[in-house]
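Okay, so chain A shows up in both of these, paired with chain B first and chain C after.
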Partner chain A sequence: MDILGISAFYHDAAAALVRDGIPLAAAQEERFTQIKNDPTFPINAINFCLQEGSVSINEIDWIVFYEKPLRKFERILVTHLSHFPRSSKAFSRAMFLWLGDRLWLKNRIASELGVAPKKILFTEHHQSHAASAFFPSPFRDAAILTVDGVGEWATTTFGKGSENHLEIISELHFPHSLGLLYSSITAFLGFRVNEGEQKVMGLAAYGKPAYQDQIRSLLSFSNDGSFELDVSAFRYPFDPEKSFGPKITKLLGNERKPDNPILYQSGNSKHADIAASVQLVLEECMLKLANQLHLQVPSKNLCLAGGVALNVVVNSKILEQSPFENIFIQPAAGDAGGALGAALYIYHVELNEKKRFTQKHAFLGEKAEATRSVSTRNIYEEISDEDKLIENVVHKLLNQKTVGWVQGKFEWGPRSLGHRSLIADPRNVEMKQHINQYIKHREMFRPFAPAITKENADKFFDIPKGADSAVPFMLLSVFALEEKIEFMPAALHVDNTARVQVVDKDSDPLFHKLISRFGEQTGVPILLNTSLNLQGQPMVRGENQATDLLQKSQLDCLVVENRIYN
Partner chain B sequence: MKFTQSTNTYISTFLELIIGLHKSGYWWLIPLIIILLPLSFFFILAQAVPIVAPFVYTLF
Partner chain C sequence: MIIAKFIFNARHRRAWSNPERKIQTLESFAQTEIDAGESILSALPYVDNPRLRKHLERHAKDELEHGYLFSAQAQKLRKLQPNSSSIYKKPDKLYNLSRFKTSTELNSHDFFSGENYEKLGEITYVAMLNIAEAKAEKVFSKHHQLLHDDPETFKIFERILKDERYHVSYTGKFLTEWTNQGKTKQVKKALSFAKKARLLNSIKRKSSKVGEKIGYLILYILYFTAIIPFAFASKISRTKKGWQYPVKVSQDLKQGHSQY
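On to the complex of A and B.
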């Protein structure tokens, strides 16, 4: 049975093809269009999935959209009316969008894909998130926590999963949203919503939570785990351009304009302090939610999804301090993952199919050579012997070269996990500045991740128990062991934490071999790993995009499959 | 998609919306929907609907 999941129209449009309960292909539209967070109908991603599954659209059994547009329209109408006349500016625009398009999504999908409307199904936004976290997890039973900006009405849900069953047991509704609180502060700090949240998390490590009381005052928690935001401080329920109001400015001072400098270094670290404060409050809230969830679903296992689950520091705090012993987080925890979750939800819950799978890697995208041109502009050296290729790359890394490493299928989710990566020697502290400033052209406070072989992970990092299912996907923040800090300064954040990627030989033998060989030469079986893209662009799709990047940037060399471009 | 199939889908979506609003207690939105609905035809015919959400997406 083939089920095609689709997410689209807000951010991170994506498609996923699930055959008999197993994902065959999954990709975000942004990889094909090379537009960051592309929200448009993911026709390219859908075509890729169909091609990968060697199936035509008419042979697909069910097509599932990841949220219910009618419920969402209900929320949007209620929100506009309850904030009238302040919402009047956005009302006509919203109605134009909804009455002309979104409301009739079934027609739109049927028409775009040329399929019968009866084949098209809808799941709830947070059901999709929950399914994307539970069904690919290694757990037979688990508590499920989903937290994001907003879906239809829900912003936070508690759920429980068992075998092929999944149930949302309680939910919190818009406008009370931890995701939107964090996004509002992201906007206050001058970063783009839906993209800048990761920057805020990175910036937080440079600051002290000097504004924690002010931010905490925007929230009130009840004993049952529910919370309410002080809605008077926010404008997102009625203003499409600005998400925070004068109350936030009164509490935190003037907002940062995007062109203004980011204050994060000693002397004046105001922006980092605000980031640290909202990060701390988010951690406290998420821990309270996890504790409350455990009271309602006393499982050892926790599954997380929703955009907030991409906050690796929060994830680590939950694993360390909540009663849950094991954790799994969907690698595409944001809305893109909803495409996979929607398909899995229909397969398991609606169709009552029991066959489960465990997601051990995220390589569900298109192969690197799919975009290989017949006449490439670059000159390359082809090395067919794998060991020689590895030796050659290690030699370059030892000579302090930055290497674009493009292998196999691209990753599902926002992290580069060794298939569309920029890799470098983590021992060289200057590498951090070099890559941020000259290759990626991004803020200097942005950290990189270390990729380490599974056998050596515990020798370099303090990896908590129960993290086995999360660390392959760079979804936890862990401390480097004190005596090992000096060996990987470029791959550590300012507080000596790292969003570590533990590489398993079975899941990615080539990348494992590369790190191992580098370790044999240096005693440090770690590579600095960051996404292969330029600022404001998505990760490269395949060979053509990677060679373009090589020409446009100061990247030293590029390895695509067995081709080395200099 | 054939015209009749497409029209049937529009109608069933509309009915589903009305039933959903009634079930969820927002029945009082139904008159507003009925007033707004004719606009849909113009908007659909206009074929110029922006499909990308703006900066703050919660209102769209």
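On to the complex of A and C.
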């Protein structure tokens, strides 16, 4: 049975093809269009999935959209009405969009894809998130926590999963949303919403939570674990352009304009302090939610999804301090993952199919050479012997070269996991500044991740128990062992934590071999790993886009499969 | 005519009116040129005429080169503005209905894809290129004149304009040759088709914009008239706080079919 899952029209449009309960292909539209967080109908991702599954659209059994459009419309309409007359501008924009397009989504999808409307199904936004976290997890039973900005009405849900069953047991509704609180502060700090949240998390490590009381005053918790936001401080219910109101400015001072400098160094670290404060409050809230969930679903296992689950510091705190012993987080925890979750939800829950799988890697995208074309004008050296290729790359890394490493299928989710990566020597402290400043042209405070072989992970990092299913996907923040800090300064954050990626030989033998060989030469089986892209752009799709990046940036060399471009 | 000229000039001046917009303009030109280059590349397998193929190969290479030149310049300027981010200021694509389109539609340079080359034939394809390049030359020439204060970007436009003139020239020569070979009727028909296609696209784009504005206006008026009673009713009703309990899920696809 083939089920095609689709997420689109908010941010991170994506498609996923599930055959008999196993994902064959999954990709975000942004990789094909090269427009970051592309929200448009993912026609390219769908075509890729169909091609990968060698199936035509008419042979697909069900097509599932990841949320219920009418319920979402209800929320938008009611919210705008209740904010009359401040919502006048947003109302016109939203109604224009919905009346002209979204309300007729079923027919629109049917006509875009040339299928009968009866083949198109819908799941709830948070059901999709929950399914994307539970069904690919290694757990037979688990508690499920999903937290994001907003879906239809729900912003936070508690769920429980067992074998092929999944149930949302309770949910908190819009406008009370931790995701939107964090996004509002992201906007206040001058970063783009739905993209800048990761910057806020990175910035937080430079600051002290000096504004925690002010941020805490924006929400109140009840004994049952539910929370309420002080809605009067926010504008997001009625203003799509500005999410925070004057109350926030009164509490935190003037907002930062995008072109203003970011204050994060000692002396004046106001922006970092605000980031640290909202991060601390988020951690407290998420921990409370996790504890409450455990009371209701006393499982050892926790599955996390929703945009907030991409906050690696929060994930680590939950694993360390909540009663849950094991954790799994969907690598595409944001809306893109909804495409996979929607397909899995229909397969398991509504069609009552029992066959499960465990997601051990995220390589569900298009092969690197798929975009090899006549327009590739660069000169390359081809090395067919794998050992020689590895030797060559290690030699470059030892010579302090930055290497674009493009191998096999691209990753599912926002993290670069060694298939579309920029790699470098983590021992060189100057590498961090060099990559941020000259290659990626991004803020200097942003950290990189270390990729380490599974066999050596515990020798360099303090990896908590129960993290086995999360560390392959770079979804936890862990401390480097004190005595090892000096060996990888470029791959650690300012607080000596790292969003570590543990590379398993079975899941990615080539990347594992590369790290191992580098380790044999240096005694440090770690590579600095960051996504292969430029600021404001998505990760490269394949060979053509990678060679373009090589031309446009100061990257030293590029390895695509067995081709080396200099 | 004077008003049209004024608007034309104002639009071009606006493109360079501030550093961020300048970068965005260059990035958008880069994308258009790369689209065009790739589009022509995709047509190459269908071109039988070796002489035309040679020209199209160079044309595609030029377009890609222009894309890289624009892109490199945008990158360079962006480095001078370390905290700028082009996407921050772009309109929210969420509200841009025109992007809900299939990949087989016309791209921003108004070239047909390679797949359509076979369907249209070489004369129509070259006629379309000729019309599009003549327009591009006119537009780039205007931008070129506005960049005297930026010698680097000025130089890039100078180089690109030279190529554009070549594109107009070789496509024009082919059309003349075909006319001399007695294909006058076909050439005229192709040119007329190309002009109509461009005009039609332009009308569609403009109508869509006007329709959008009228739509917004109607909704705005409705908001302050018909909606008012519902708005007050909604204000009186309480928002849901605390935990909500969703209905149980059935296992028969009934809920899957529902959009609510």
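Please note the rule applied: the second predicted complex is superposed on the first by the 564 of 566 C-alpha atoms of A that agree within 3 Å, B and C clash if a C-alpha of one lies under 4 Å from a C-alpha of the other, contacts with A are read in each partner's own complex, and residues count from 1 in each chain.
FYI, contacts are C-beta pairs under 8 Å (C-beta built on N, C-alpha and C of every residue); 3 or more make two chains touch, one makes a residue touch a chain.
Please read all numbers here as calculations on a predicted model, not as lab measurements.
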{"item": "Touched partner set for A:76, first chain B, second chain C, both or neither", "value": "first"}
{"item": "Touching partner for A:509 - first (chain B), second (chain C), both, neither", "value": "neither"}
{"item": "First, second, both or neither for A:246, with chain B first and chain C second", "value": "neither"}
{"item": "Chain B versus chain C as contact partner of A:168, first or second or both or neither", "value": "second"}
{"item": "Partner chain in contact with A:349 - chain B first, chain C second, else both or neither", "value": "second"}
{"item": "Most chain A residues touched (candidates chain B, chain C)", "value": "C"}
{"item": "Contacts of A:298 with chain B and chain C, given as first, second, both or neither", "value": "neither"}
{"item": "Partner chain(s) touched by A:116 [first = chain B, second = chain C, both, neither]", "value": "first"}
{"item": "Which superposed partner A:10 touches (first chain B, second chain C, both, neither)", "value": "both"}
{"item": "Partner chain in contact with A:193 - chain B first, chain C second, else both or neither", "value": "first"}
{"item": "Shared chain A contacts, counted only where both chain B and chain C touch the same residue", "value": "9-11, 39-41, 70-71, 74, 78, 81, 93, 95-97, 100-101, 106, 175, 192, 240"}
{"item": "Of chain B, residues touching chain A in the complex", "value": "1, 5-6, 8-10, 13, 16-17, 20-21, 24, 26, 29, 32-33, 36-37, 39-40, 42-44, 46, 49-60"}
{"item": "Residues of chain A defined as touching chain B within the complex", "value": "9-11, 39-41, 70-71, 73-74, 76-81, 87, 90, 93-101, 103-104, 106-107, 110-111, 114, 116-117, 149-150, 174-175, 180, 187, 192-194, 236-243"}
{"item": "Chain C partner contacts - residues on chain A that touch it in the complex", "value": "9-11, 35-36, 38-41, 43-44, 47, 62, 64, 68-71, 74, 78, 81-82, 84-85, 88, 91-93, 95-97, 100-101, 105-106, 108, 112, 118, 121-124, 127, 153-154, 167-173, 175-176, 192, 195, 222, 224-226, 228, 240, 258-262, 346, 349-352, 373-375, 441, 443, 534-536, 548, 551-552"}
{"item": "Footprint of chain A on chain C - complex, ascending", "value": "37-38, 41, 44, 60, 64, 68, 71-72, 75, 78-79, 81-88, 92-95, 97, 99-100, 102-103, 212, 215-216, 219-220, 223-224, 227-228, 230-235, 237, 239-246, 248-253, 255-260"}
